Amino acid sequence: MNALPAPHRPGPLPTRMQLEDGRLRHLLTIEGLGRPLIEQILDNAESFAGMNDQGVKKLPLLRGKTVANLFFEASTRTRTTFELAAKRLSADVLSLNMNASATTKGETLLDTLRNLEAMQCDMFVVRHADSGAAHFIARHVAPHISVLNAGDGRHAHPTQALLDVFTIRRHKGELSKLRVAIVGDVLHSRVARSQIHALNTLATGEVRVIGPRTLLPAAVEQLGVQVYHNMEQGLKDVDVIIMLRLQKERMQGAFIPSEHEYFQRYGLDARRLALAHPEAIVMHPGPANRGVEIASEVADGPHSVILRQVTYGLSVRMAVMSMVMGVNPQVRA
Amino acid sequence: MNALPAPHRPGPLPTRMQLEDGRLRHLLTIEGLGRPLIEQILDNAESFAGMNDQGVKKLPLLRGKTVANLFFEASTRTRTTFELAAKRLSADVLSLNMNASATTKGETLLDTLRNLEAMQCDMFVVRHADSGAAHFIARHVAPHISVLNAGDGRHAHPTQALLDVFTIRRHKGELSKLRVAIVGDVLHSRVARSQIHALNTLATGEVRVIGPRTLLPAAVEQLGVQVYHNMEQGLKDVDVIIMLRLQKERMQGAFIPSEHEYFQRYGLDARRLALAHPEAIVMHPGPANRGVEIASEVADGPHSVILRQVTYGLSVRMAVMSMVMGVNPQVRA
Amino acid sequence: MNALPAPHRPGPLPTRMQLEDGRLRHLLTIEGLGRPLIEQILDNAESFAGMNDQGVKKLPLLRGKTVANLFFEASTRTRTTFELAAKRLSADVLSLNMNASATTKGETLLDTLRNLEAMQCDMFVVRHADSGAAHFIARHVAPHISVLNAGDGRHAHPTQALLDVFTIRRHKGELSKLRVAIVGDVLHSRVARSQIHALNTLATGEVRVIGPRTLLPAAVEQLGVQVYHNMEQGLKDVDVIIMLRLQKERMQGAFIPSEHEYFQRYGLDARRLALAHPEAIVMHPGPANRGVEIASEVADGPHSVILRQVTYGLSVRMAVMSMVMGVNPQVRA
């Protein structure tokens, strides 16, 4: 993993630099997108999902475009969904293992980016263990390149958050009438941070976070959420339960006593699920640690929409990819 | 390599589950396919081979379909032929290194399958060191997925057997009039087992197996073959000689005294080939161990159709892939 | 890395075998191509570059063709440019890691080639650490296969040399009026050897090589170049400066005292660049060792065309690939 150099110049805030003339140019973080733009992304994703429901999987919208997957951190699942989304839009896809390449210094990373630009790549999909990596890259790319953040450190994972709100809207309708609970390791989760921003931007009725003090960020209330340390109280009457993956590999201290005890206190089983609204849906970004944060009876049960999230994730990524390239799915449909 | 869990339910026999309304849904094993269906596969492969002879390599038959290669066991050659067959049908191909992925438990394997289904893959090409792996996966996939067995343990390698009978039919005509000898390590060969079933289903005149007792399965006669332990006697007047690869990596005991002695007793050289019919063809699934089971003078000689088998293998795999997807090559041709 | 066996038969010289009826069949080396053919390649590359300038990146010229990348030596950058060039011509691309495959003996390499031919690949792009590797392979392939040398040992890297002369022609015009200096590790550079042949074939006004005696081949003058050991003298009034990468990994003795001292004597900085013609261009095959052979102020400065070379490299490779396949870009344009 390479340490990123300090940016050459401060540059605009990521919340501003991802927009260009009100249009989406990069997708780095949910912050600053604004409700109309998020709803446009969801509407476009709905178009792709609708075409998909009719059996139309392959579209020529990005024919001639080249998407480079720059994965500095291994993630077969995320890389695969971006690769499939790009291929179904008829783009050419280049998958580069950035650990193996000669990018041990930040200077060399910039040289690598310049070369990919010169090869006329159009889009960089970036996954990196350091917060701010996608932002750093977006600040240094040529004007014709769009950068999509596929997860950077603890910071953001915006396409995951977008597919989550897409899933909620499709299954439960208008978010302003809903109670949504996010459960677990919020502290180490880039997903949770992005989810909270997306839910609040869409004026969700109530957003709760549930977890032990050791796994919640300090002053998490200031993000505009209700905080619960008791699972039973937090789940009461919610319409949507979003379970987070216990990020074992990220914990460096003794955040939890044991996996078993964690499941006892914060694991989602059928008994706890019964406290939520009778038609509540259960979500998880995957891959789930069965028996740690979620019981198999729930993950595979009738309330679970976990696998639907994966399917919607393709539509959402196709929407984002076509929008940053300035292509409108409706034109074709 | 991951151990497979016991199947959740017994399910139908593989011979039945690969058919749906008389149509090929999965290809797991040659057993139970029936002569009309095998002949339909060969006829469709003939269509692809014919188009290929006219220089038409790329067809849009599987445009919009996604083929996932799930190779739990490394095999560059087999993976490449399936990848090329899929690409020449215009499918999108996803190659997943299943050893590297997080599939160390059977439960996790099922999660991986569910996710690939949710990404709307249409076909899984499975290679696994355990017998029954493709069958296990086929039993657990969603209704829209087809599974192709690209070799499982000692059990089966059906596309190899199909390309073998395709090769025989193309070069020697009607199988009922032919004598075919399979030579070598039948015991450890998934290919041999599939070949014998295919040859018998097509009512081949006579099928012989030739090899030392230590490399033939117990009661091999019950498969409907003539058994020879003497190479010279077994080759006499045969029309087709199928050499097997000596599966060195599979032998755990002292099945053969030495490679040199094996070649002395069962290697195919020009002198022994002269015992067969003057127009006999020589086949090998590849890669050949030159000087162990076959002499270079024969592998590269005028009777050898070994490289033609590779070419036909693409047509046969295109036929199987299009059939399980419900697409008919004649429609387009 | 596998040692290549001695060729079975002497065969024609590489300078002859790459032509067939005056047409380019393989591209192994610049030697023997002749000025009209090189100019035709450059003109065709100009067509692709022009279409590219108009935003047309994807063309159906090689639809149905299969390109196999045989990289025996790792080179992400070169492999990527060939892969992109092939994909933008709509070819199917197969990337084979030849170190990992079973090619430990020369005989097995030939078997691998035979199999790829039987899978009906149309083109092999070969990168190998041994001089003559591409030539060896070209001598043994079937008549329908074309071989492109993507760098073999110290011998040749012809597409790099072609993109270099393309860059010079595009930025500085007619080569007969130009002074070109090649600076640095000529001894270990497959690029330099190919460049000198290309520049001389195109009747470049003056070709200079600049470097310490330890990094210039013996009798380098016989290649038709002026030799300078003093950087300042050599750069005087030149129109084009081609910096070579210091091939650290290839040096086995004490060719240079230290990187720092090398930069002091032969590194290109702004002060030395000022000795050249005021409108001189600076080139480098990449990746540059900043602070060793070139200062960042020059590599990133206004005289540098280093990144343009990368872009042109795609057009040149598209030109070569379409020409060896007998396809003319003008037909489509």
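Note that the chains are named A, B and C in the order they appear, and that numbering of residues resets to 1 at the start of each chain.
One rule holds for everything that comes next: contacts are C-beta pairs under 8 Å (C-beta built on N, C-alpha and C of every residue); 3 or more make two chains touch, one makes a residue touch a chain.
By chain, with names taken from UniProt: A, B, C = Aspartate carbamoyltransferase.
Source: prediction; values computed, not measured.
Student: Edges wherever two chains touch, nodes for the chains themselves; is that graph a line, a ring, a star, complete, or other here?
Tutor: Topology of the interface graph: complete, with all chain pairs in contact.
Student: Through what angle, to the nearest 5 degrees, does chain A rotate to match chain C on its C-alpha atoms?
Tutor: Nearest-5 rotation angle for the superposition: 120 degrees.
Student: Examine where the copies chain B and chain C touch and state whether the two sides share over half of their residue numbers (same) or under half (different).
Tutor: Different residues, largely: of all residue numbers at this interface, under half are found in both copies.
Student: Rounded to a whole Å, what is the gap between the Cα centroids of chain B and chain C?
Tutor: Those two chain centres are 42 Å apart.
Student: For the complex, which residues does chain B have touching chain C?
Tutor: Answer in residue numbers: 52, 56-58, 76-77, 80-81, 83-84, 87-88, 286-288, 290, 307-311, 314.
Student: So in the complex, which bits of chain C are touching chain B?
Tutor: Interface residues on chain C, with respect to chain B: 63-66, 92, 94, 96, 100-102, 107-108, 111, 114-115, 117-120.
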